[in-house]
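Letters are used for the chains, namely A, B, C, D and E, taken in the order the chains are written, and counting of residues starts over at 1 for each.
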Amino acid sequence: MWLRNNAVAATAALAVVLIAAAVALIFFWVPEDADQGFSQKIFYFHVPLALTAYACFGWGALKAFLHLWKRTPGADLESYVAIHLGVIFGALTLITGSIWARASWGVWWSWSSQQLVLFLVLFLFYSAYFMLRFSVDPGPGRANISAVYALFGVVLIPVSFLAIRLAQDFIHPVVFSSEGPRMAGSMFFTFCVSWAAILALASALYRIELAGKRLDTSLRELREALE
Amino acid sequence: MRRYATDVYTLARKDLLLELRARNTVPAMLLFVVATLVVFHFALPASSGNKAAYGLLWVALVFTALLGLVRSFAAERDQGLLDGLVLAPCDRSAIWLGKALAMLAFLILAEVVALPAFSIFFSGVDGTTVAGVALADLGICAVGTLLAAMAAASRARELLLPLLFLPLAIPIVIGGVGASVVADGGRYLGLLAVYDGIFAIICWASFEYVVTE
Amino acid sequence: MRRYATDVYTLARKDLLLELRARNTVPAMLLFVVATLVVFHFALPASSGNKAAYGLLWVALVFTALLGLVRSFAAERDQGLLDGLVLAPCDRSAIWLGKALAMLAFLILAEVVALPAFSIFFSGVDGTTVAGVALADLGICAVGTLLAAMAAASRARELLLPLLFLPLAIPIVIGGVGASVVADGGRYLGLLAVYDGIFAIICWASFEYVVTE
Amino acid sequence: MIRAHGLSRRFGAKRVIEGLDLDLERGDFLVVTGANGSGKTTLLRLCAGLLAPTAGELRVETGRAGIGFLAHEPLLYRELTALENLDLYGRLYRIPEHRERSGMLLERFGLWRVRNERTGSFSRGMVQRLALCRTLLHEPELLLLDEPFNALDAEGTELLAGELEELRPGRTFLVATHDPARLAGLASGSLALA
Amino acid sequence: MIRAHGLSRRFGAKRVIEGLDLDLERGDFLVVTGANGSGKTTLLRLCAGLLAPTAGELRVETGRAGIGFLAHEPLLYRELTALENLDLYGRLYRIPEHRERSGMLLERFGLWRVRNERTGSFSRGMVQRLALCRTLLHEPELLLLDEPFNALDAEGTELLAGELEELRPGRTFLVATHDPARLAGLASGSLALA
């Protein structure tokens, strides 16, 4: 009961705890990487961020689908918020990634890695989502258009990845290959914890922003009612 | 089924007729293609190999298409005519398909000019390239038309479409360039085909929501 | 004289307002440029040299210019607004100048984003290139605006717009590309400058006859 | 024919139609009046399915083929001739003998002479007449007419009044207008928006 | 104010206005009537200088600054707000206190409330009202009004009638309309085109 009422607070708390745990594990427990040394630790942020970004995009697309299919009220707003978060986490991925690139490749950005470029493409795609959304008058029409565009996103991601796999690139490492993670158990555990932490953070932010948006819409209604 | 086909035909024919009257799409596309070829003629001395030439060709094609797409819903938008089509009892996806086909016609027209010119000035275009272009056209028109409808509903219009379209066009560019540059372009043709298939389906399924509330 | 200036300013400001009204143009430009660069990246194998890259740069510029021109008189044409401007007591050439300046602002904005990005990702742009771009912008805006006005002014003339633009645009492109790729671009810059001068005057003088009967 | 319950539509924060209840039987002729900006067009667009309600429910008991909507915009292609426009709609609505009906309507609304001229060159009244042809082409059972008499000359007004008279039986009308007096004879009810 | 002699205008082969003689003194109020497509708009556009005669001569004794033309199209930018539109024209016509006049006119025509909304979102009547504001903004001495009452509600019609009443003295009017009765009180003459 308490949980349902204070879902926001609960997830927020969970996120804090997990993040603390993850940081502790990363910096005090997990052994340093053999060849990359300290800089490899950014891996525990970088990859979870990236995967969480994907998760957000997926969630946004799901909500979009619900809006189109079932007309679920509020689904449009939820989809928007999810994609918004996705873009934020995507930006963080780009940043951590390029920091790591600076550390281990010596350059901030490498066009030679299709992985990077394609992530950039997705990032562009979802930035355009905002352009679209903010240049259409609010209303049912905008909700539909945004939703359709969001659906395009989840289709674009796999297609793009197919494209990269064709144009194989070598620089950007592939850890999660078909025969499971190629890394030490301790590393994998830490990775999982930090991923859980980031996910928790994402969902907390998601709920908070939603609550906020809902609040000020209802406030506006109130103000109008009073006038 | 036949009804659907006739609707699509009617709508596409209407667009071709309009273009014949007002001519505000094809000439712009042709102009752009020619201009780009001229640019290449200067920018590509014999030294730089086919690869670069093919790359430029693909850039030219994508942007030419974009230039055409920008205008594709102009008539409907300016006069609120989309309402008229949306009110008609035919399936809304037919509107999309009709536009896409008309667009395809324009694009092919532009390429009928561009490819021979290209093969004269630079390097002959082989079968796979042509196949790649054909497949790419399908994808471009399918996706582009839907995005153009979105852009038409927005206030940014012409400016918005490139933003929406280019990220989605990347796989096409990869596939197309690959098909024409790499020795065995088969894989890339496959990629293009897959792209066309998937996006054609979701465009077909989702267009209705773009034009209705 | 001052009145003329204020008229031009008013009209240009109106266009920029329309530009900025619906959307946040600057981020849009940024997105557009980056997206274009990504497309280029996939189109152009790393091997191919600067010149090819310059070719792409110019393709992009021509595209942006055309995109701008297609929409430059869109608002006026759709709603017969040219009448409103023609009726106003200000000198008609001010309408042309205002539009051209707005166009120029639009282009320059795009290039201010594009050139640095280009020089980062591909190869540094030297002085002559910048000069070439600048001169080309002037020419494109001057001529393009006039022709766009023809399109907006009456249907009969619309057919001519792109057909005219073709021969008129090619020298600009040649001049610009030449300036940036050829060793001593000076001659080309000269060509561009002359071109701009002549056509600016012609357009300025002839605009009135385009928009009135 | 049309059932609305608590129908509301807003544009952004602006409430245009608020909690409207409407019940239109087949054969009714409802005249919608109201000041400029009171929501007549919005109501008609809602009924036509061009706008979605932001709240409340709206049921229209006829397919799109049964609706004839005369909007503020003529919904005609300027580049096409009168005949080509009607032909387009005739095909889209799958009217069996649309050619004949086009000819008949053009003649009836006095446009036969100009059937092969670009609609873009028409005068305002001629455009309105052609828009009326377009609306009646497929013999709709539900007619949504937004200021149908707009821009018509005296003769055109007569013409349209007669036409409505003729169509009246068995069909349902929702007509927005600024002088209801002209429709007094036909109206079975009226709705004043504020 | 306006002198026309053997004024003719064709579009292609089509003769719209043929050998029209017109002599309008300052202070006259000419009501132009005629069926749809009879050439009212064409005549007004000729007088405004938007069309050139194909034959005959036409002299209008006032500069462009002195002409106020209300056309079929509102001549407003959809993307701009009401205020921005008036501001634009105010500057182009170099009206000394155009801000104040804009405010006054918006208030008078009941658009003050929506002065900062995009004109594109206006209802038809609101657009017509704003177009009237635009026409009167620079206090023209020659007013060319093409169906000024079009799309106005009862209140708007009152409003405009009163406005014309007020402007009448010293100004010259050329008004095309489909019900001259409404202008009977003001008209000093009438011209029926066929």
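As a working rule, a contact is a pair of C-beta atoms (placed from the backbone, for glycine too) under 8 Å apart; a residue touches a chain by one contact, two chains touch by 3 or more.
This one's a predicted model, so the numbers in the text were calculated from it and none came from an experiment.
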item: Where chain A and chain E overlap in contact partners, by chain label; value: C, D
item: Furthest chain, CA centroid comparison against chain A; value: E
item: Angle (degrees, nearest 5) of the CA superposition of chain B onto chain C; value: 175
item: Reference chain C; chain at largest CA-centroid distance; value: D
item: Between A-B and C-E, the pair with more C-beta contacts; value: A-B
item: Rounded Å distance between chain A and chain D, as computed from the means of their C-alpha atoms; value: 49
item: Between chain B and chain E, centroid-to-centroid distance (C-alpha), Å; value: 45
item: Chain D and chain E, separation of their C-alpha mean positions in angstrom; value: 28
item: Separation of chain B from chain D, taking each centre as the mean of its C-alpha atoms, in whole Å; value: 36
item: Sequence positions of chain E contacting 2 or more other chains; value: 79, 121
item: Shared interface positions of chain B, touching two or more other chains; value: 22, 79, 154-156, 160, 163, 166-167, 170, 174, 212-213
item: Touching two or more other chains - residue numbers and ranges from chain A; value: 121, 124, 128, 131, 135, 137, 139-141
item: Contact footprint of chain D on chain E as seen in their complex; value: 11, 34-37, 41, 72, 110, 114, 121-126, 128-129, 147, 150-156, 178-179
item: Chain B - residues contacting chain C, complex; value: 22-24, 27-28, 30-32, 34-36, 38-40, 42-45, 47-49, 51-52, 55-56, 58-60, 62-63, 66-67, 70-71, 74, 78-79, 154-160, 162-163, 166-167, 169-170, 173-174, 177, 181
item: Of chain A, residues touching chain D in the complex; value: 137-141, 220, 224
item: Interface residues, chain D side, partner chain A - complex; value: 11-13, 15, 51-52, 54
item: Of all residues in chain E, those that touch chain C in their complex; value: 48-52, 63-65, 67, 69, 71, 73-80, 84, 88-89, 91-94, 134
